[in-house]
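First chain written, first letter: the chains are A, B, C, D and E, and each begins at residue 1.
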Amino acid sequence: MISATGTLPLISFYLGLTLLLIGGLGVVFGPKTSTEPIVRIINLTVPSTGVALIFLSYNYTLAMLTFLSVNPILYIIMIRAIIRLEEMGGSIS
Amino acid sequence: MIGRILNSLAEPRVVPKIFAFAIAIVLVFSLPLPFHLNPEQVYPKPAPQLQMELAKKNIDISYNLAPYNRGGLPVDPDNRGIVKSQYKSPYEGWITAYLTPFSQWMRDVSYHLGTTIVAHPGGILDEILYYTRGLDTILESSILFTAFTIASWVILNRTRKMTGE
Amino acid sequence: MNEITNLSGPIIGHIPFIDIVLYISPFSLALVAVIAAFTAFLALSKPELRSVTRFGEDVVRTTTVERKEARFRRFMTILCGIALTGVVTTGDLFNFALFVSLTGITNMGIFAGVKDAHVLDATFHYGLVLMICSLPLFGGVAMILANTGTLSMGVLANIHTNPILNMSRTLLLIGAIGEGALAPFFATKVEMIRAKGAPYINMMHLSSLMVFTRVIEVLLILG
Amino acid sequence: MAIEFVYAAAILMIVGALGGVLQTRPIDKFLMLAVLGDGLISIVATFGYLDVAMASSFMTFVGIIIMMIGLIRVLEIRKMRGELG
Amino acid sequence: MDPSSVVPNFVPQIITNFYPLAIIIAILTAAIGLSGVIIERDDFQKILIIQIVTYAMLIIVAAVGTDLAEALILPGLVVSLAEILAVTEVLIFREYIKRGISYPRLKEYKPIDMEVLKTAIPMTSLLCVVYGTILTGFTGGAVAGAGILIYLFIGEPKGLSHDFWEEMSGVSGLAWCLWLLGFLLYFLNPRLWLVALFMSGGGIIVKVALKFGLLGILNREEFNK
């Protein structure tokens, strides 16, 4: 009991924090993100996985379920915007 | 000089940057503060994975609700769940222990389905979200409703007409 | 069952929704009266029609507001009035943050249907500010919760301050300034006010005034 | 026994995250994201919440499909615009 | 069953140890995201970067580690979703106004032809809807809504016209009323809590799922013209 209760949340917590930092850096400063918005959306999945792991380590499973199922809806909204903007001709300043 | 600064401030695109800068300054300067969690919270929950381990070892069937077991017996107002709320109410802890027949069946089958059981009507989160802090849920849903109204109105009455559909 | 008795002033009555307590003090009663009167006035008035003259043309044009648009904006105005009433009377910190968010998003809705590039530009940047400011609002509230263990203003009024509380109060102030479209450097607001259909846009002034008054009161209560 | 499985999942996730951030071509990124999602599912399963693991496997699948279709559409639009002007 | 082993009186030690680290990493992440907002020039990409800031907010809320914190995460999530929805629409409308209507019309899109779309998508969406119906509440609404959304987005729905979905949005309004009624019943007469709970749970799942489905039909009309 002691070992598993101790180590499992610890592993998931530290891993989640690492993914959050890596993903944040990747979304903001990652390669080719400034020209291609879709690359930035793909990078967004990394910090969102980190957030899901942190929820898991606190045992907020219901919040994690909601978070994971809200994510595709968010992607649909963003990708719709990208396609509309591409139809109008590229990036905006 | 001052006029130029003020003029550049008057452009809308600068405003989010100023806000971002202000928040970042406050956050970064607060990094050396000694953050600590006050252990006397309302609605505490057990240590992570503790209930899952107990469920694996114990024969006691109510631990199959892990990680959302909060005590109490199902459908029994005399034997309520343990809820430590801010202001006491005579009806607290009623939902926490409640299980529908379907979720009772799920509890008997396996100890891996705790989340589904709690998301089903009944459980600690329904107690918090629908009873003790019900206004939060109303507001949250109203915000979503307002945003959907704005978005669908703009789509139906503006964007579509402009594309000629 | 403990009750709120004193929050930097006398309290006329409180409406308990179990953990969420709405309370009425003389101060908030005055604010509620102002909000109700203003909202009723705006909801009953007709949209203004503005005349536009342009340099080099000998024509005076009268702009029109579509009926649908006016109806949509009136709906948003009424919703904003309800949200402001909540902002003024609520006695729970997280609830306060949610009400302020609702105020912000309805403010955005009032301007979302205007066919004018400048106004839409300003509205979009205001929306960005709304999204950024959800961090200081909810984050500040969560830090207060972590430090004191409660969200109720009646309990928080008796707790001594410390550096972390001060920092989260600063965050709360910044968040409320952003969401309520507050004065000092809101050039955005000036652009937005150029929108046609005048009576409804006055709601924005009222909302920034009320949110500012209320957030100062909340900060004083927390201290 | 179970602990070793967790470490494997952790390594999988780190590899997926680094690869997903550092790759530049979107299709390669999708492969790395699939690795990341598999790590998430296996770590949830190690925690013992099988229903959440099931739902998260649906959701990662749905998200990747949506992003792929968006990518295809964007490339198509760019090609068409190249033909136009 | 010993009650003290079920729910402790204080927050356990492990969560107290987690707290400073979580807050510090969240602040660093927020600082990264905010600096990205300051640097970035493209308007749409600012929205994407702000998601990082939202994630930092979620971590700060989650670090409290009580049941209350879990209940507070859900409103934060919903608020961020709602704001991104409205702001994106305003952005698209603004671009139309700025560039005028006379952008070059593109040719018709080809329907995307992939094997996985024909075989896996109907099954997945059906599973999502069934599981969401079991869950109820806002979580179930989100799961079922994602299922409906992916089906409308990719599959080829037969016999579902646009008018049908307009009527369905009316149904969602009715569901919202049902849900509010359930709440009021709960506060006024807690002895009827079972009826009230079912009313609110059922109402909110219908509302949320149908709203997301409406979003899906709008998307489909614009994608597969």
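As a working rule, contacts are C-beta pairs under 8 Å (C-beta built on N, C-alpha and C of every residue); 3 or more make two chains touch, one makes a residue touch a chain.
Source: prediction; values computed, not measured.
Shared contacts of chain C and chain D, meaning chains that touch the two of them, come down to B, E.
Shared contact partners of chain B and chain C, listed by label, are E. More C-beta pairs touch across the B-E interface than across any other pair of chains. With centres defined by CA atoms alone, the chain at the far end from chain C is D. With centres taken as mean Cα positions, chain D sits 10 Å from chain A. Taking the mean of the C-alpha atoms as each chain's centre, chain A and chain B sit 19 Å apart. Between chain B and chain D the centroid-to-centroid distance comes to 26 Å (mean Cα coordinates, whole Å). For chain D, the set of residues touching two or more other chains reads 47, 49, 52, 55, 59, 62, 66, 69, 73, 77, 81.
Residue numbers of chain B whose C-beta contacts span two or more other chains: 13, 16, 20, 23, 27, 30, 34-37, 40-42, 45, 47-49, 67, 114-116, 119, 125, 131, 133-134, 136, 139-140, 143, 146-147, 150, 154, 158. In chain E, the residues touching two or more other chains are 14-15, 19, 23, 30, 34-35, 37, 43, 46-47, 63-65, 68-70, 72, 74-75, 79, 81-86, 88-93, 96, 106, 135, 138-139, 143, 146, 150, 153, 187, 215, 223. All chain pairs in contact, by the document's touch criterion: A-B, A-D, A-E, B-C, B-D, B-E, C-E, D-E.
Of all residues in chain B, only 13, 16-17, 20-21, 23-24, 27-28, 30-31, 34-37, 39-48, 51, 54, 60, 62, 69-71, 82, 84, 90-91, 94-95, 98, 102, 116, 119-122, 124-126, 128-131, 133-134, 136-141, 143-148, 150-152, 154-155, 158-159, 162-165 touch chain E in the complex they form.
Considering their complex, residues 2-3, 6-7, 10, 13-14, 17-18, 20-22, 24, 26, 29-30, 33, 36-37, 40, 43-44, 46-47, 49, 52, 55-56, 59-60, 62-63, 66-67, 69-71, 73-74, 77-78, 81 of chain D touch chain A. Contact residues on chain B toward chain D in their complex (touch as defined above): 49, 52, 56, 66-67, 110-116.
Against chain B, in their complex, chain C makes its touches with residues 1-2, 16-21, 68-69, 72, 75-76, 79, 86, 92, 94-95, 98-99, 101-102, 105-106, 108-109, 112-113, 115, 121-122, 125-126, 128-129, 132-133, 135-136, 145-152, 155, 163-164, 167, 170-171, 174, 178, 185-188, 190-191. Residues 104, 106-107, 109-110, 112, 116-117, 120-121, 124, 127-128, 131, 143, 146, 150, 153-154, 223 of chain E are the ones touching chain D in the complex.
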